[in-house]
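For reference, the structure discussed in these notes is given below.
Per-chain residue numbering starts at 1, and chain names A, B, C and D are given in the order in which the chains are listed.
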Amino acid sequence: MDVPSGITLPTVDARIYPRGGLDILSRNEVARLRDASSGGMHELLRRCALAVLTSGSTSDDPRAARELYPDFDIQVQQQDRGVRIDLVKAPAMAFVDGELIHGVAELLAAVVRDLAYTAIELGDNCGRDLDSSDGITDAVFSLLRNARVLQPGDPNLVVCWGGHSINRDEYLYTKQVGYELGLRGIDICTGCGPGAMKGPMKGATIAHAKQRRRRMRYIGITEPGIIAAESPNPIVNHLVIMPDIEKRLEAFVRMAHGIIVFPGGVGTAEEILYLLGILLREENAGLPFPFILTGPTASAPYFEQIDQFLRLTLGEAATSRYEIVVGDPAEVARRMAKGLKRVREHRIGHRDSFFFNWSIDIPLAFQQPFVPSHEAMAALDLHHGRKPHELAADLRRAFSGIVAGNVKEDGIRRVEEFGPFEIHGDVDIMQALDALLRAFVQQHRMKIAGDYRPCYRVVT
Amino acid sequence: MDVPSGITLPTVDARIYPRGGLDILSRNEVARLRDASSGGMHELLRRCALAVLTSGSTSDDPRAARELYPDFDIQVQQQDRGVRIDLVKAPAMAFVDGELIHGVAELLAAVVRDLAYTAIELGDNCGRDLDSSDGITDAVFSLLRNARVLQPGDPNLVVCWGGHSINRDEYLYTKQVGYELGLRGIDICTGCGPGAMKGPMKGATIAHAKQRRRRMRYIGITEPGIIAAESPNPIVNHLVIMPDIEKRLEAFVRMAHGIIVFPGGVGTAEEILYLLGILLREENAGLPFPFILTGPTASAPYFEQIDQFLRLTLGEAATSRYEIVVGDPAEVARRMAKGLKRVREHRIGHRDSFFFNWSIDIPLAFQQPFVPSHEAMAALDLHHGRKPHELAADLRRAFSGIVAGNVKEDGIRRVEEFGPFEIHGDVDIMQALDALLRAFVQQHRMKIAGDYRPCYRVVT
Amino acid sequence: MDVPSGITLPTVDARIYPRGGLDILSRNEVARLRDASSGGMHELLRRCALAVLTSGSTSDDPRAARELYPDFDIQVQQQDRGVRIDLVKAPAMAFVDGELIHGVAELLAAVVRDLAYTAIELGDNCGRDLDSSDGITDAVFSLLRNARVLQPGDPNLVVCWGGHSINRDEYLYTKQVGYELGLRGIDICTGCGPGAMKGPMKGATIAHAKQRRRRMRYIGITEPGIIAAESPNPIVNHLVIMPDIEKRLEAFVRMAHGIIVFPGGVGTAEEILYLLGILLREENAGLPFPFILTGPTASAPYFEQIDQFLRLTLGEAATSRYEIVVGDPAEVARRMAKGLKRVREHRIGHRDSFFFNWSIDIPLAFQQPFVPSHEAMAALDLHHGRKPHELAADLRRAFSGIVAGNVKEDGIRRVEEFGPFEIHGDVDIMQALDALLRAFVQQHRMKIAGDYRPCYRVVT
Amino acid sequence: MDVPSGITLPTVDARIYPRGGLDILSRNEVARLRDASSGGMHELLRRCALAVLTSGSTSDDPRAARELYPDFDIQVQQQDRGVRIDLVKAPAMAFVDGELIHGVAELLAAVVRDLAYTAIELGDNCGRDLDSSDGITDAVFSLLRNARVLQPGDPNLVVCWGGHSINRDEYLYTKQVGYELGLRGIDICTGCGPGAMKGPMKGATIAHAKQRRRRMRYIGITEPGIIAAESPNPIVNHLVIMPDIEKRLEAFVRMAHGIIVFPGGVGTAEEILYLLGILLREENAGLPFPFILTGPTASAPYFEQIDQFLRLTLGEAATSRYEIVVGDPAEVARRMAKGLKRVREHRIGHRDSFFFNWSIDIPLAFQQPFVPSHEAMAALDLHHGRKPHELAADLRRAFSGIVAGNVKEDGIRRVEEFGPFEIHGDVDIMQALDALLRAFVQQHRMKIAGDYRPCYRVVT
């Protein structure tokens, strides 16, 4: 979609009467929805709706959509009968002969549904305690249930993480893994964008069709800051928009019956540490949780370095929580299928629900955002002898802060102003971390302007 | 079920894992449900559950069930996985080879679901305004939606009212009307007990089977004071327990696409006046609402007298709101089918929902109970010249009070203590009312000990 | 339906476009169907169609229908698109507002389908060998498959036999047994008329609704000589018209996963001997086949006499093939459910199909009609020492002949002309047979004009 | 799949119990099926089964499969219960963890089903007249019905023709057309191989998923000589194997509600003439039959030349039967959708079936193969003044013969032996035909060794 500047694309005006959760509302609910959508929520709604209406578009650039459809608008109208969504100057690509494509209409309804739920049910004065760990978990549960993605049924949901701009070799590999998972009746959940978020779904659709499965789920979990930059890929048939990044991560972990990590940027490394930080807690010791790192043969070094780093920092014991499989999609799927059986047996044995992992312990610290200030960075404690899960948590934060100091506008500015972060830690841990970061730069997984210079110094 | 005193019937202990609305709850919701069911709600739950577990039993006497199963108990237990219902000494008739019959399990889950919703979502501190008309309507809506009886789909729900102890001739007639309705694809909603509440459902099942319908609805709407006295008949496949009589009446009126009234006791005459009191309001003038009074040929006098009474009191105009058909089930069904078409067109034209009649105006006075004290009776104003709907409302109240004064323990006592009610009204209206009551006594539709003596005197 | 003579009932003319097996025919097939239905098959078709169109009518008398609708006619028309059925002066009771009731339309299509299949696929020159045992079985299979009643799925089809004019006590008992079978997920197959053919289906519908079963089968298997006399009861949702009585019996035995016999006329006793004659064959020794005789407590004598007779004639060993349960519907259902499990295991073990009992051996003699001439009766061999199954077969024939000699026009005439049948047999066997017949007369199960006089004499 | 010679791939032995048409067979049918499959049909069965088991393999070369799996065998076994298919040394790629992929199992059952039907029901002594036009049509109908691809339902089946080795630009275009068809609820039928047979299906799957369609049909119609060379593409979910090329063509034309032709080799041009030869018959004058030639912009010359040729030879009137759309997939779909509406109305008006075009007249000459001998070529009559449909038919034959004379071994040999074909025709017609052929050579759509030399001479 290389469009010369100043050119706009064909648009359509339309009125939609949404179904699935928005079709049986009370007058009062419709009014609150209308008010929310015309008030503070409106710009958010407009942005998310446009992302959905350009789903499947090949462009990577979120601004493109907003520039190509500058006059797009969306209004939620009240009717006795229920909700009506008015679209103005909407992308014609979402329509066939004037009719909105059914799947797009579903995604659009999902956007309205989730933003409204967040604004109304999770907003101020809703009576929920969103500062406690249980309260946050309850909110995550409520939103997912309202989105109708919590369904009884045997554990078969695998979350796939990985980069959105991986190379072709890696993309094809994610497709093959998805194909092998799909052949074994496994449904896919990802962050809903391109790259490693699309490949596994694409592979699974082919396998599901071959296996004549009827009700397959391709769940995309996103959040407002991400969806606008990454349109849901056209395979997603259940879209959920969580209120923020932390709730999105918790939704992944509580819905997943297993997680597969493909190669990705540094963000992916962070996610690995996030999950390990949870799994290594004593509270979660007995909990089966299949966790596989995998990629094509060429990506072996990526995982080797991560593996080395984890062993050095968290100790050999940490390796009991993940498996690394390189270049063997069928083996990945076989191991995951076995893991799902163990999860099923465990849930039955402990009478935990199949659709939401209540048992896994996620502490409040993981549910709250980490803001990498100099104070916060100085408070990290990267020494040997700590409990592995605590070290994992602090490593993730260190990681997050270093990335910020190198590539994020905010972080770079802070480092320029106050000097490098001071991190308290053992020398060998800090060297391993440094080596890992340099490798990412070499593998072009981390975009650095100019040479890589550490933005921190070790205080021992 | 004529059981000698002192004899108990076979019982079963069982654990039930309910589905349909109770299967995807949060830990918190399960805990609140458990607390509510073991606290103040427990005796209510026990009584309603027992009614459902003896559904289909032929006995009319609610005490029978409680006497036959004196040790019956029910506990709602919390599990990570969701809700478990423990039954102790439950009637064996609800089980097959130790397994609870599926339909009974559904009704049992409905009992827990609705009592819990009332206790938790409509209870104190729920943030709802249950003193305003809109607030009450919203509560009615919420409970019905939570019970999953509000479904999109063409208007085809006919509410049938009438006595629970009608004669065999009249019962067979209600069955025939149900059969003719069923042949035309109409679903049935009643008060869920025996007599005129069972006949139309029974007739409809035969017709639905003949027409090879798959998803038919036999909705029973009851309330805690009634269900314990009248077990849901075994045909009911959707059971709703509203919190009180007034919300039950509103649920009938807002869900109905049409209402048929069969012969019944004086209570039925009261219901006719209740509905007319609503339909004759100017706010509801343009609203189509099929309303048919019908019975076998032998019941013609019943309807003739009601008709005469309505004409005399409310004027000829009132007759535009109802039709009387005697001895012609097919004609009843044909007229109702035509009426449903008009309702459908009207809802589409006014963009009102198919599943809930938001447009019909029900004033607060109809949503609140009428307690027939001497003051309240003296405040009635039964003179010509009032607006028909106001007169209808007061007539209903007068009726209610007179019935109380004649047959209800409370009312009889009050009349004995304070003398007859004083009612302000025109003589001809009061004479008509009196004549109607005497006719009911003659037709054995009103049980009087000894001769009938009016419990009121007219003040002109 | 007591209609004064000379009165005709309202009729409807209609055009039906049938579905389900008649909707995808070739031009050629449609032409052959039209020819067959306007040729020799026409009167048969007219008679059967009328029976179906008056299904649910309360009259027992087949002539009534033909007299009440004397001008009824049916024509099968050819259209490129498929088949059209024209009905002339058809009973209005089969229609709702001019539309044929769906279920009746299905039964009507079944009539056309089966008569056409018999006329075209099993008629002369069809290339089948209808004189061999295998050929007849193949014809039975083909017709049943064409009627789409052979479906994969766990064994759950119980055939119920018994009289069509049983007393009210017995009828209610058949309903209760049907209810208990239905609670256990069992489908019912009967001869499709009233009495013991309707009761079990009626009871099962209530139980199936309670258990929320969706796809239940109420299969009626009839034949042209019977259907005209006995309209299918309105519960039947799969109707099959076999070409003759013997193929109908074979259809019952090969489709049944178990058989229950209720009290009935002498015909029922004959059926018991028919089934025992098959089950006692050595070829069928290892074959599980649940076979239960049952009735209300009051019918105990009926089964006692049959039991005694069977022990005396066939020996104690014969009793291993049947069970007698009196006055305990739940026990009947429990035993049948257990029996079905054994059938399932046996079929799996022997890789026999679930939907057609290929393994059971039915010899040619049972597939061909027995015509009770004096020669045939004299050829019977009712002596001790024969193999039980052979004796059972000859007893059945003796039975059939004696009944004919006593009550059937043809038989009575023959006996009047040629004197009593001469039957070769041991005295005790003949006495037992005689005692059984006298008991039936006493119990009003066999209609005799005047006193009962044996129509045979024993030759020893 | 570039495999060094001498290397074999992993294989699996398996036993399959097929469903869908093979699950309810009589003992006799199973025996005949077993005999046919172990007799003359065995090698055919083996070849077709292998094609299906390697479905989705990327190799184009049919011999590859046979060389890679040299020991593959298939046996159809008899069981009381039904059919068992034994696979020996079957390609492991068709299995997941030892289980045959469901979709592949369905295709395999289709192979057995259709070959058996052809061998048994259409074989010698089946009583059919396969020499008459009606008899052949009836056989085509019977086989398609037996394959369960004839279903009631609105006309929405579009047949796509075109080359199997088109260029990437053209392939992407076929995908886009399939996508636009799928968005409009249209199902796809093709010859089931790669290229223009796969592209439209692939595009349609994406659109069907987006429109949330549940029961979509991707029908592949092939014949034994073709399937072995071209494995069904993995999207095909209904496979039909017609007995020969002519019946395959008739199946396309009678099932199609419309036909789209993409660029292809000379074979495609022949197919266009085949269809025009039918559509231009007077008997088919009033019959709507949407027929669109389309390709990407770059393929415009291809269609221009065909168009010119058709105008010159068959006259301007012929152009009324087809449309040419270049470079506009959405427009193709819109026109086709409109055409389908006309087809629907016509079928209803003429009461023709939706699922089989009985009305279209296909003369015997089109149902029989044309063998291009010198005599047959000399008998062609390519002069102006003939009826267009007759000229179209002879042109198709001339075409077929010329292609044979140029590229087919048989034809080349004949021309070398007996000299060029002598064709009687007008000079301008022959020149146009010659020009068309030269253009194909230039566009690399016809493989010629060396320079193109006409293999015929015109006799005027």
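Rule of thumb we're sticking to: a residue touches a chain if its C-beta (ideal position, glycine included) is under 8 Å from a C-beta of that chain, and two chains touch if they have at least 3 such contacts.
Composition by chain, UniProt nomenclature: A, B, C, D = AMP nucleosidase.
From a predicted model like this one, the values you see are computed outputs, not experimental measurements.
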| item | value |
| --- | --- |
| Set of chains adjacent to chain A (AMP nucleosidase) and to chain B (AMP nucleosidase) | none |
| Where chain C (AMP nucleosidase) and chain D (AMP nucleosidase) are represented by their mean Cα positions, the distance between them in whole Å | 50 |
| Averaged-CA centre spacing for the pair chain C (AMP nucleosidase) and chain B (AMP nucleosidase), given as whole angstrom | 46 |
| Approximate Å spacing (C-alpha centroids) for the pair chain B (AMP nucleosidase), chain D (AMP nucleosidase) | 65 |
| Sequence positions of chain A (AMP nucleosidase) contacting 2 or more other chains | none |
| Interchain contacts, given as pairs of chains that touch | A-B, A-D, B-C, C-D |
| Chain C (AMP nucleosidase) to chain B (AMP nucleosidase) touching residues, read off their complex | 56, 96-97, 101-104, 106, 180, 183-184, 205-206, 209-212, 214, 234-235, 237, 334, 337 |
| Footprint of chain C (AMP nucleosidase) on chain D (AMP nucleosidase) - complex, ascending | 19, 23-24, 26-28, 79-82, 127, 134, 138, 141-142, 145, 150-152, 347, 350-353, 355, 358-359 |
